[in-house]
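First chain A sits with chain B, and in the next complex the same chain sits with chain C.
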Partner chain A sequence: MRNYLKQVGTILWKDLLVEFRTRERLITMGAFVVLVAILFNYATDWVRVSPEDIASGLVWMTIMFAGLLGVGRTFHLEAEDGAFQGILLSPVPKDAIFLAKALANFVFLYIVALLVVAVFIFFFGLEVGSNFGMLTIVIGLGVLAFVALGTLFTAVSTGTRMGDTLLPVLIFPLLAPVVIYGTTATSQFFSGRPVTEAEGSIRMLAAFALMAFFLGSWLFRFVVED
Partner chain B sequence: MWPGTQDWGGWLTSVSVPAHPEADEKSSTNPVLRAQGLVREYGSVIAVDGIDLSLAKGEFLTIFGPNGAGKTSLLALLAGALRPSRGQVWLRGEALDFGEVEWHRRIGVLSHQTFLYGHLSAEENLRFYGQLFGLSDVDDVVRDKLQHLGLQERAASLVRDLSHGMRQRLALARALLHDPDIVLLDEPYTGLDPSAALVLQGVLSDLRDGRRTVVMVTHNLSEGVALATTVAIMNCGRFVWQGKRAELGNDFGQFYHGVIEGHG
Partner chain C sequence: MSSKKILLTGTVLAMIGLIWLGAVYWMSFFWVSTEVTQGIAQRIMYVHVPAAWTSFLAFGLAALFSAVYLWLRDERLDRAAVSAAEGGMVFATIMLITGPLWGKIAWGTYWTWEPRLTLTLLLWFIFLGYFLVRSSTENPEKGKRHAAVVAIVGALDIPFIHLSVIWFRSLHPEPVVIKPEGPTLPGDMLTTLLMSLGAFTVLFLGLFLLRYSLENLRSELDTRSRHTSV
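Moving on to the complex of A and B:
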């Protein structure tokens, strides 16, 4: 078990180090979410709608699209000079590889998702108050589910002729529960409702995230083998 | 006429395939790496078509053949990177269970590609793989390998800043990092200038230390023959000639082309 965790940590650390040096994904995702928030701000008729009514949906859709930009490149650097094959030819269990790649994606996307929340709070003038802690947990659960499915399906789509196009087609239908429960819970927080009213959505989100992670770990080996 | 062109007896005597691998494991001439009836199909294309081989400790097999002969697929099957359509591979008498990751501890693979990360330094790349292989003395091993391959001066350089020859040497260091019993080399001379090829030749010569079993695929006839203890020529997924290096005459190039044309 200790060796397993060490291998997970080694791949995770490598991914973080490479991203720190290239800043390929974080900068792309960060720029994307800021621009989207600005555009939504100007595209919304504030006389007819109140920010609390639409902000949660826009936040989650922005996270989803930003996530696609980042997670979609999970194996791009790995493909450089066959490095991923090098990992597959090492004595590392496939689920450990999945875990490490998904955790790296989680770190990147969670940072970006918090940036999404911050820019929407800024541009839409939202009040979260004492619910901010719970909001970060809800965002974390949604991101966890997203990266679990995203890492798995990026492995499927990478190397296919229509990889970039295929990924959203594969992943968006499966992400419906994340958007539904994430939006519902976030909407409660933006409206200043008590946490107890969002408990059901949070539980469903947590269950879905857990299920996505276990399924991803189990199915990953079938995707990358051979 | 090259000896052995029609005669398969020499090969079969030296590296025969026993009917019962487990029984053979007990003998003093245990094969380290064995394959029997190895087939790999890609749809309707048969890349590897019923390969049998058996290699003892210290043996260095060089496989020659035209592009598309199935050499790289054969190496991938031996490395456990590809699932065979039919047939079986044994390592020290133990059948390869595809997907069993511990298998990889015993094998070092140098591919067409380096398996290195351009944005990590030479040292970071080796340390990364050393940790994946669970080496206890990673720092010492990495330092030794870099020194052995003449890369200690460039240890901190990013791999993308290294020349092709240096990257190839670093890739070899990565393949040998965990001191594998079996080394599989796929076109190690590709794209190297003469001086880099000379350095690589020295390192590959060191592999003939009697401890390792090496399988090398190459188009470089002279270097490939010079290193080999055993030679095979592959075409259309099969070994069309195989024999000991001692059986070969002076002009291997002419012989090779004759064999390929004869089995084209």
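Moving on to the complex of A and C:
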């Protein structure tokens, strides 16, 4: 067990280190979400709709698209150098590789998702008040579910001719529950309703994230075997 | 079963299914009584509901065969999975075409976010992904494995999608809620519906076996052409 955690930790640390030295993905994803928020401002008729009504949907869709952008690059660096073969050949269980990759994606996407929330609060003057802590948990659970399925299916789509273009077709239908429960909970927070009302959504999000991680760590070995 | 027997069984089942389907059409047009509130339009139920049932059966089989394929790595299981998935796509498409047609008359709008309709649409896209993965992978072995992963995740995701779309609906109630398959269905309508369910299921099984034997022939052709080129 201890050895297993160490293996996960080593790969995770490698990915984080590479990213924090180059900052490629974080900068592109960060710029992307701010630009999307700016464009949303001009794409919406603010006379007819108030920000609280649609902000939660916009927040989640922005996270989804930013997630595609970031998760799609999971195996690129290693694929270019042929280094992924090396990782696969090393005596590390495949599920440990999956967990490390998914957790690295989680760190990047969670940072970006919090940026999305901050940008929307800043640009559209939303009030979250005392629910901010719960909001970060809901976003975290949604991001967990996203990176689990995203990492698994990026491994699938990287192996095809279509590459990243296939990724949204594969994961968007599967992620419908994340958007539905995430948006419901978030809109309740934005409209200042008590946390207890969002409890059902939060539980379902947690269950979904758990299932997604279970499926990912079980099925990843079938995707990468050669 | 030998491949000839499969082909024969498939042909016989498909023929029985088609004749049965003809009988169901006759029943639904001339025999069954007309529903009071919706009139003639309600008769589309005898196609819509069985198509939905058959597509779910087919996708379930595809996921099951995929899971066992990953475990045993028998080529025949993969062929069975792709045959079932293709049948599922056909019947899901029928369901998705007849649903809005019925909805336009019954609810006054082509599309409502009715949970079962939404679920089928998302399922349709999941299995579109299944076929895209299969066809766009250079190495066919890899394509089969990857497609099997898509089918398994899709199948296990369905309960979540189902719960969430119902949940979404409960927040946005529709003014008119029509439950075509309520337990209050009168006797002759129930008979017609059950007959139709039988016809669709048998037809699907027939098509599935035909498709499966075609897949067998394809792989045999592949092996032989490889032998001659060597």
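Assume the second predicted complex is superposed on the first by the 226 of 226 C-alpha atoms of A that agree within 3 Å, B and C clash if a C-alpha of one lies under 4 Å from a C-alpha of the other, contacts with A are read in each partner's own complex, and residues count from 1 in each chain.
Please note the rule applied: a contact is a pair of C-beta atoms (placed from the backbone, for glycine too) under 8 Å apart; a residue touches a chain by one contact, two chains touch by 3 or more.
Everything numeric in this text was worked out from a predicted model, so none of it was measured.
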Partners on chain A (chain B, chain C) - clash or fit: fit
Chain B versus chain C as contact partner of A:F146, first or second or both or neither: neither
Partner chain(s) touched by A:Y181 [first = chain B, second = chain C, both, neither]: second
Partner chain in contact with A:V169 - chain B first, chain C second, else both or neither: second
First (chain B), second (chain C), both or neither touched by A:F120: neither
Chain B versus chain C as contact partner of A:L77, first or second or both or neither: first
First (chain B), second (chain C), both or neither touched by A:F108: neither
Chain B versus chain C as contact partner of A:V18, first or second or both or neither: first
Contacts of A:M211 with chain B and chain C, given as first, second, both or neither: second
Which of chain B and chain C A:L89 touches, first, second, both or neither: first
Chain B, chain C and vertex chain A (Cα centres) - angle in steps of 10°: 90
Shortest CA-CA distance in Å separating chain B from chain C in the superposed model: 5
Set of chain A residues, in rising order, touched by both chain B and chain C: 225-226
Complex interface listing, chain A residues touching chain B: 3, 6-7, 10-11, 14, 17-18, 21-22, 77, 80-83, 85-94, 221, 225-226
Chain C-touching residues of chain A, taken from the complex the two chains share: 149, 152-153, 156-157, 159-162, 166, 169-170, 172-174, 176-177, 180-181, 184, 200, 204, 207-208, 211, 215, 219, 222-223, 225-226
Residues of chain B that touch chain A when the two form their complex: 79-83, 98-99, 101-105, 107, 109, 111-120, 124, 128-129, 131-134, 174
Chain A partner contacts - residues on chain C that touch it in the complex: 70, 122-123, 125-126, 128-129, 132-133, 136-138, 142-143, 145-146, 148-150, 152-154, 156-157, 160-161, 163-165, 167-168, 171
